[in-house]
Each structure stands twice: as structure tokens, then as C-alpha cells.
Amino acid sequence: MILAFFALSGLTVASALLVFVARNLLHALAFLVLSFLGMAGLFLTLSADFIGVAQVLIYAGSISVLMVFAVMLTPLASRNNGSTLYVIPAMLAAGGLASLIGFVAIDTEWDERKGEALGVSDFTTTVAGIGDLLLGRYLLAFEVASVLLLFALLGAIVLVQERRRAGEEA
Amino acid sequence: MPAGPHQLLGHRVADALEAALPGAVIGRHVEWIEVRSDRVRDVLRWLHDSESFDAAQLSNLTSVDRHTHFEVVYHLQSLDLNHQIVVKAIVEDHENPLLPSVYPVYKGALLQEREVYDLMGIRFDGHPDLRRLFLWEGYPAFPLRKDFLSLGQITGKAVNPGLQRFPFEDKESPDRMLNAGNIVTGEREASAGNAGGSAGAGH
Amino acid sequence: MSEQPMRPATPMLRQIAEHRSLLQRFMGVSKEWKGFALLLLGGLGLSNLAIAYVVIDGRLDGQWYDIRDLGNVTQHLRSWMQDEGFHPAVPYLTTALLGALGILSVVGGWLLIGSWVERRVLAKFQIRQGPNRTGPFGLFQPIADAVKLMQKEVVIPRVADKFLYYAPPVIIFIPAILGWGPVPWAGKMSFLDLNVGVLYTIAISSLGVLGVFLAGWSSNNHYSLLGAMRTVAMMVSYEIPISLALLAVVLLTGSMQLSTIVAWQANYNAWLIFLLPFAAFTFLFASTAEINRTPNDIGEAESEIVAGFYTEYSGMKAGLFMGVELGNAILVGAMMATFFLGGYTMFGLETWIPGYLILAAKIGAVYFLFVWLRGTLPRFRLDQLMGYAWKFLIPLSVVQVLLVAVEASIFARWETPALFPLAAFALLNLGLTVEMVRRWAHALGYAPEVAQQQPVMATAIGGLKAAQKMRGG
Amino acid sequence: MPPIPAIEDLSITLAHYLGLAGTVFAIGTVIALSKRNAVAVLMGVELMLNAVNLTVLAFSRFSAAFEEGGSAPLEGHVFVVFVLTVAAAEAAVALAMAVLVYRRRETVDLDRFNLMRG
Amino acid sequence: MNSTAEPYVLNIGPQHPSTHGVFRVRVVMDGEVIRDLDMIVGYLHRSMEKLAEERTYTQNIPFTDRADYLAAMSGNLGLALGIERLAGIDVPERASYLRVIFAELQRVASHAMANGTLVSDAGAWQTPLLYMFREREKILDLFEMTCGARLTTNYMRAGGVSFEPPAEFWPALNELVAELPGRIDEYMELLADNEIFLARTRGIGIITPEDAINGSLVGPALRGSGVPWDLRKAEPYCVYDRFDFDVPVGTRGDVYDRFMCRMMETRESVRILKQAIAQIPPGPHKNDVPLALRPPVGEVYSRVEGPRGENGFYLVSDGGPAPYRFHLRAPSLINLSLLRELARGASLPDAVVTLGSIDIVVGEIDR
């Protein structure tokens, strides 16, 4: 368990760093997918099986492909992964943020359950519970989310259509 | 009688052409008609458009090197009337042969004229895409001309002026212009020993 | 002279005339050898019958040495290790490694057998012999191929992106192995019996996309890139029909666990292919698109883009791609068998013969179907495939999901024997599927009677005027 | 500073997860703030969202209610489901916009977007 | 797919599965759509026309084998007819029948090859190709029995054919002719109603009859466009005027029509074969012709309907033993005149199928 946590977190953080360092946007994308997969593993250690698998499906499987298409639709010249001049202030701000979060995390007395994060006994199914909640208490939010997805779909289609028309005029 | 079974008599075609396009026909034969090279597109267009000749298809286009001049031979086919017309354009200029392309009349002339240009070196004015077809750009000669190689031929003709040896593609050269020294025009005798030596080494 | 049989005139005809079939050759061997072979076969059969009797008798049931379900063995091993007082991680790790080893060997064995079967069966379809020189019936041909591929030099394009060029063969191999995790081979014989098994399957299958894309992109070849973009577009599109088809399965069986789905089918003695014919068809068709098999192999369409995304790979790297393609076909066979063909069960037969053999037989049947399709059908075009997914499969699948939801809710409230509602659902679904497909296809402008217009026979020749006359008349 | 515990005594607590999430969030922030390419910025945003998801799941997992009740508290999971949904929608629209912006302005370099400067 | 991406150049060939030889096309692509196309040929150029000017007429017959190596008999026949007309040589009747039989067999074999590769281009993994190879193999066996060669037959001569077929030829031929209609029905069943094949070929690569005539298309490419033109009927050479056969003509001019025209022409060939086998008279297979033939001064353009269309031979004689000018009208090359117009705006798979339906033989293109 300890091993799993540290291996997965090491994988996640290292790939996230490599996303920042990588020169080529597609290399960065590959590392990003690796980071997503590590994150999915971490979710599994938190006995979130549904979310873990959904993470693989949505992030590693779909959003990365979307990004691939976005990268391929832009020309070769803009496929570098360069940084702007804001990199130093950004790092400072992020460092402050990280230390703040870490400080809060360590300093607070959490009302938490101690012990190993993953035992066999408490790796129960979460799917049925999530389904009950989604179609029960959070039905409204569920519907709103589906409407949001629909609008995202329509929005993307509208953007694409506008682009095509602009291309025809030009 | 080597004429085809459905070949129109040259005299008939020539008479009709004489009436429609005076001065275009410069020779008539029982099998073919000879036309001026600069009028060939008009002649073919007229034959293509005319009801009684209906030369709908250019079934064959080729050329013959007659040492002093070129003949460009057009075999026209009427599918509806099922007859064949042979038109020969006489290109007098053997050094720099040029005649109008018939591509505007027959789309099928596209590759056939390229082939004639490639192998016989006859340029077609108005062709949309006149490049070498089989041989590469910069090939130093036109192989189907009778003076392609300076070697003797078994037909008993005299030794022609031409290339000393068969040319090869020079991949090093950026534009693939190859062994320019191969082309021998005036000073052939002067460099004959040298070139002959290289030809011998080549074999 | 005419009485004598004529000697075939050409060497090839002579060879054909002198060829003897295997049966003829067997009949030609000496009596002793024939008797020996028959004795051997008979002994094998008798011993098998004896074992079968012991198994049917029930004396082996529940014991760890009951090989009808290898899950018994691992469970026995695990409980033994727990009793012995090892560190709590050790029994789990041991059994997990054993299971992983089992999966790897099964996949490896399938790769060897599958490539032989594909080549051999395809050869029979194409009236040729196929591999027949290496070993009996050419059975060692896959091994020879593997050795050859490993020996070959790996040529790396100078302009390739080295880092990303090396990764894809490995990247796409991982999901091909991982996908075997939740497949139940017998009642207790499942490596990773996830309760989100269906979702896991879909998620794993979506991972291969990136490997394919990186392979195509990093090769720096237009054919590769074209194949990769085709494959990526197709895989992304066909994930939706697959998800919808599996959603119908999940709705009806009420579980995302693969073992539960199989148990449901065994319980009601109803394979889901009878209940959900359109879902089964959608799954099969979309799977062929996902794994690049004919008639949807446009990602590596040989006659158009040479070898698609792995054009620039050579040696064992190309071998890995081909192996993954084959392994995916077998994995889809397993999924198809599990979801729609009753998995390791066969109407009660699984109590007699091991379930994994039944599953293997079903995988083999689906794989044979794939080979058959490959030997028969031409290939679709990219836009046709995309249109087929978006205009045809997805709308009809949505309708089917709605229908199945209603049926599932009825079924959940049904008290008396399940035979009647299931039979009714099967008939209803089949009829509605046929009708829906027909109407939707016509609505999309499908008109076979126009498309099959044959050429006409002309007795007289002519040119443009004749053509216009024939066309007008 | 407390002494570092031996590896046998170490147990993974909520603080570990929170620290990890903070680190990933920080990296995501750096990427989102400093990258020039619009797609790279989106990668940073996705990393930040992932970190948030990890935090929520950790809180859900380590909450006291998990131990007490028979049913696990799945509100956190539901929250993550919504985050995933919104992330997918956001990625689709944002990438479509990136492509559109490239079509219009021939670049995805965020430094060059100075429409508002007037 | 990504139709707004920047155009790029794709180099198809000279080594590519669907170019049927060393044919090369440089294609400017925009996503999957072809924007422009430039064909580059000449990788197999052997300068036959030049070489022929130094060989006697009989020595030139093997060149016709090597030009269209999938239809050697038709090439042989065209040149032999040309030489005969140029020199005024008569042919025995049996030789004419034998010529018809072999030319039609060659047409069946060549069409089998063409249709098989077309279906292969459409993506069927070689199965139809290998099925059609079965019949082609039998036909090539017949060739091998008769003249010893399978591809480069070198069979027709000025004044007849080189060999009388052996005794076992006729039963084998009868057997083949008896089983061919069934085989053709089998292929029709497999392909003519195949939904995927229809989807891939219907409405693809449409050539209008006007374009087909104006673009000098011949053979099945012309007939697929709806023009009922066949030299066997228009200018009956050999004894074709004694046989009863029809000309299949397409209705739309697309790839499917060209495919089906070939298929049905195969049936008509079987009809002709049956009639020819029934009618063939006894007699000599060859007239004596001097080896070093010296035709009178003149020129001739002889043509036959080969599997790919009008196989023309333009011979100019200056009275010597070798032709002064020897020109092959290559239907494969000239049928490609419209390739650029057909391919522009089509997608890559459509272009591949269209190229396959035009049925090129690179040996004939390059000569």
C-alpha cells in the first residue's frame, strides 16, 4: 500500500513535471497521459473504483485525443512547448500556493480515519451508490450537467461550422 | 493495300478540307492527307466538329522522323460513322520542330503529345503540361530521332551525328542535367578518340 | 493411343495430378503403424471418458484439484498461505502473479495458434495451401515467424522522433493484455473481477488510441500519419456505439460485473445475442473498427496507405503491432463471448467440461468469423465508416437503449418464471431491430435496386449518339 | 520537526494525499500560467482539476463517516463525477476555440492575443 | 477529416501495393482529399520503339509480349495483322480461328486479373484475386501446352500461328469453356451484390461518354461509360464477323460499370469460344512466310480489341527488313489521360479504386 502510494505519486508528479519541461507539445501530451494514469491509480487506492476507471476513460482516453486533434490542427511551427516571461512569477506563486496547501494539510487536526488507506474489506462497490445519488439527491445537478455537455457539444459544432464558413470565404 | 477496312480516302477528306479551310492541305494521298503544321489544330477541330466526318476520337498520335522533316500522324476515329481518317502534319523545321497542340480539341492528346515530345523532341504549342514523360528532365537527346546515337544502324543508313554513347542519369547533379559533354555537334571528330575510349570502357 | 490416360502437359498440371491428399497418404502406410495409431487414439479416448466419468460423478467437486475451474486451485493456494501465517500481502501477490502469468501465457498461446489459424484458414478460403512446410501442417510457422521477426534489423527512420518512436509498440501492447483482466474463464476463475468491469473494458480499449497516434506521428511519414489519423478518428467514433451496446447489456442484466453478466445468462439460459441482436451486431461491427480488422481496416489499408500507422516499423516492432492486432481480435472474441454468447457457460455443459475450454471454443468461433470476414469482404471508406457510426449505429443504439430500459424495468417487476418475458423480449427486439434497420436505412437513402443496375448488352456499335440513345431509352 | 518514522510505522494519511494534490496543483498552476501555447495551458488546467479531484476523493475516503456508517459517503464521488463532466465539456470547447483562434489569427501563441489592447 | 490542415505531398509508388507495378503518382493531398496529381512513369521504359527499328518484323513480335505482359496474345495478334496487311500475306482459315480462340482466352485471363486486382484495391484481402487466378492459371496452362510459355507467348506469326495446339489441348479447352460460366456466376454472386463493394464502387470515378470519347479512352473504360464501341464488331478482323456476341455497355460510367463490363465481356468471350471451337476447320495453321520479310514501302495502322482496348500498331516500312518506324498505341497509357481530372477532388481510396478500374499495365505504359 505504501509502495503503491509512493510509486503512483512519484509517477504522477514526475510526469507532471515533465509536462512542464518537455520541449515538444506531443511529448508533453504523452507525459500528461502518464500523469493522468498515475492519478487514476491514486483514485483506486482511495477505493474509488468507478472514478478511477472513469478517469482513464475520460482523461487518458478522450481528452488526450481531443488534445491530439487540437495539436494536429495547428501548424508545425506552433507545436513547441515554450514558456512565456511569466515563468518566474508563476513558479513563485505556485510555490507559495503549494506551501500554503501543505502547511494547512499538515497543520490541521483532521477528523480522519486512521490506518491504511486500502484494506480488502472496505473496497466496496461504489457504482450503485453513485448511481443512487446521481438519480436521487443530485438529480437536478445531473440534469444540468447533461445539459452542459449538450451545450458543449453544440458549441464545439458551432465553432467548427463557423470556421468552415470562414475558410470558404477566404 | 495497307489501308484499314474503314479508312476514308484521303482525296475525299482533302476536297472537303480544301473547301472549308483553303490552304491547309499541302498533300493528298490515297490513305492520308498532309496538312501544314501550323494549321493542324484548325483542321482537326473542323474534322471534329463536322457532321459528315465526325472525328470524335483521336485514337492515335505519333510521329515519324524523315531525316529532313517530321511527320506527326493523327489517326482520327469516328465512332458513330465508323470510319477512320489519317492526317499527317508535316513539320519542316527539323532543328526546332514546333506545331500547335491539339489538346484543346482532344483531351486524349495530353499524354500522347507528351510522349512525342519526350521521344521525338517535337514541341507542341499550347500544351498545358509539356514535360518529359518516360525519360527524366534534362535527358540530352530524343531517342526516337534517327540521329539519336552516332553508331551505325543495321538498316544500312550512314552514320548519323548524335550521342557518342548511351546517356545515364547523373544523380549527383542537382538538376540531373547529365553528361553534357556527351552531346557532340560540331567538334565530333576532334573528341572522337576520347569519347570512343569512354564508350569502350563503358562496354 | 486414345485409351491411355493422357500425360498432363505442363509441369504444374503434372504436380497437381500426382498430388495425394493426407487421407490417401495415411491409407498408404503399413498395417502395423495404422494399428498403432488407432490403438493410441482409442486409448486416449477411453482415458478421457474415464476422467469425464469421475468428473460427472461429482467426486472431484469442490476440491482444489478440480481442474474444471482453476480458480479453485488459486483460492486453495491463497487460503493455505494465509493459514501458514505469511505476511498478508504475500498470498495476494502470489496469486496475482500466477494469474498474470496465466493471462500472459494464454495470450501468447493464442497469438501462436491464432496466427497459424488465420493464415491456414485464409489460405483454404483462397484455394491455396497456406503454411505447410514448417512442422506438421505448418504448425511451427508462427514460431518461425517470431524468430524471423526477432532476428530482423530494426530500421529507424532518420527523421523519426526517437523518443516517441520507441514507445508505441509497448503502449498499445499494454491495453491488449490488461483487457483480459476481468474476463471470467470459469465460475471463480477471473483475474480481476471488477464490479465496474464493463466500464473498465471500455476505458482500457480507449487507451490504445494514443499509442496508435504516437506511432503514426513519430514515424514522420505521410502514410503513417494518414493511417494514424484515420485510426484515431475511427476508434474515437466507434467507442460510442460500443458503449451504447454494452449499456444495453448492463441495463438488462443489472450489473457491470462480467461474471455477473455471464451468471445472468446462465441463470436464465438466455444468451444476450438472442435478446439483444442489434447490440451484438453493433458490438461486433464496432469492434472490427476498433481493432482494425476487415471490413474496417482502413487504418492500415494495404492498397491505399501501405501499412497505415506502422509503415515505418520493422522487425519485432512491426511484429508487436501485428501481434497486438491479432491479440485484440482474440480479446474481442472473449468479450463477445462473455457479453453475448454466454461466456464460459453452455446451457449446463460447463458442469461437465471445464468452462475455460467452452470460452476458448467461443473465442475460436468469433475469431473464425473475423477470419472469414477478412477473407470475404472489401473495405469501407473512411467517410462511409464514420457515417455508418454516426448516422446509423448511434441513433439506433440510443433507441435500443430506451427500449431495453423499459424491458428491464418490466423484467425486474416480473414475478413468475422468466421464460415468457424473455421470449417476448427476444421476439420483440428481433422484430423491431429488423424493422428499424430497414426503415432507417431507407430513410438514409439506401436503395439496392438502383445500385445494382447492371450493364446492358448492345448488339450494334456506335459512338456518342448511340450512347445517348441507349441512355435515353 | 517530528522524527521521520520508520517505514514499517508509516501509514498513508490524509495529509499525504493533500500534500500530493498540492504539489500537482502547483505544477498545474505553473504550466497554466507560464505556457505560451493554448493547448499547453489547457494541459495545466487539466492537471489542476485532477489535483482537486484527488483532494475531494481523499476527503471522502478519510472522512469519519466512512468508518462509522455501513454505506460509504459518496457525495465526494458524485462531486468528482461532475468535475469530470465539466472538464470534458471545457476541454472540448476550449480546444475548439484554440483551433478556431488559430484559423482566425494564424497562431495559438497566447502572447499574441492582444485584441483587447485597442 | 482534417480538411483544413495544410496540403501535403504524398508520393505513391513506384513501390506501392495498388499501383500494379512501377507506376508512381505524386499527389497533393488535403487531409484525405486529393487536390492535385502528377503521374510519373518510365521506370520500366525499355525503348521498344527504338529497338524495333533495328530488328526484323518477326523479331519484333516478342516486344509485344513484353509490352502488355498480361495480354501477350492480343499484342501478338495486332502486330501479326499489321505485318500481314503491310506485306500482303494471306492467313489460313484455321489460323484465324486459332487466333480468335487464343485472343479470347487471353481476354478472359486478363479481365480476371484486372477485376481481381480491382477488388483487391477495394480492400478484399486477395480472395477474389486468387479465385480469379484459378481460371487464369488454367488458361495459362493452355498457353503453356501450346507454345511453351505462359506469359510471353510469342505465338502469332505473320501468316498464321507458330504451333498447332497439341491433342490434349482440345479436351482441356472444352472443360474450361464448360466450367467458366459457372465460375463467372460465382464471382457475380460474390461481388455484384456485395453491399460494401457497391458502396465502394457505385458513383465513384464517373466518366461521361463525351469525356470518354474525347479523352481517347478505349476498351472497357470506354464501354463502361456507355459507348457501345468494340473493334471486334466495328472492324471485324480475323473471323470475328462469323460469331454472334454482344457488347456490354455500362449505364453510369462509374467504377462498378467498368468492373461489370469486364465481367460480362468474359461471358461473351466464352460464347465466342464455344462458337469458334464448334466451327474451327481443319487445315494448315500457318502459311510459309520468308523470315527476313521485306514489305513494300508504305505504312499501316493495324489495331485489335485487346483486353484493355485498342491495341494499335503503326508500322512504317521503307522496304527494308526492319520497320522504319514502329509505334505501339498503348491503351494503358492513353486511358490515363483523364486520371488527373478523375482524381482531383476525390478521396485517396476512391482514387485508388478508380485507378484500378482503368486497369493499367505498366509494361505497356512505359514500353
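Think of it as A, B, C, D and E in the order they're written, each chain with its own count starting at 1.
We adopt the following convention: contacts are C-beta pairs under 8 Å (C-beta built on N, C-alpha and C of every residue); 3 or more make two chains touch, one makes a residue touch a chain.
The structure displayed is predicted, hence computed values, not measured ones.
Touching subunit A and subunit E at once are the following chains: C. The minimum number of touch steps linking subunit B to subunit D comes to 3. Look at the CA centroids: the one farthest from the centroid of subunit B belongs to D. For the interfaces B-C and C-E, the C-beta contact count is higher for C-E.
Comparing per-chain C-alpha centres with the mean over every protein C-alpha atom, the closest match is chain C. Subunit C and subunit D have CA centres that are 38 Å apart. With centres taken as mean Cα positions, subunit C sits 33 Å from subunit A.
Subunit A and subunit D have CA centres that are 5 Å apart.
Subunit B and subunit E have CA centres that are 26 Å apart. Residue numbers of subunit D whose C-beta contacts span two or more other chains: 103. Counting partner chains per residue, subunit C has residues 229, 461-464, 466 touching two or more of them. For subunit A, residues that reach two or more other chains under the stated contact definition are 50, 54, 62, 69, 72-73, 75, 163, 167. The part of subunit B that touches subunit C in the complex is made up of residues 54, 56-57, 78-82. Considering their complex, residues 24, 26-27, 30, 33, 49-50, 53-54, 56-57, 60-62, 64-65, 68-69, 72, 120, 125, 127 of subunit A touch subunit C. Touching subunit E in their complex are the following residues of subunit C: 6, 8-10, 12-13, 122, 125-128, 222-223, 226, 229-230, 233, 294-295, 297-298, 301-306, 374-384, 448, 451-464, 466-468, 470-471. Taken together, the subunit D residues at the contact with subunit A in this complex read 7, 10-31, 33-37, 39-40, 42-44, 46-47, 50, 53-54, 57-58, 60-64, 66-67, 71-72, 74-75, 77-78, 80-82, 84-93, 95-100, 102-104, 107-111. On the subunit C side of its complex with subunit B, the touching residues are 461-466.
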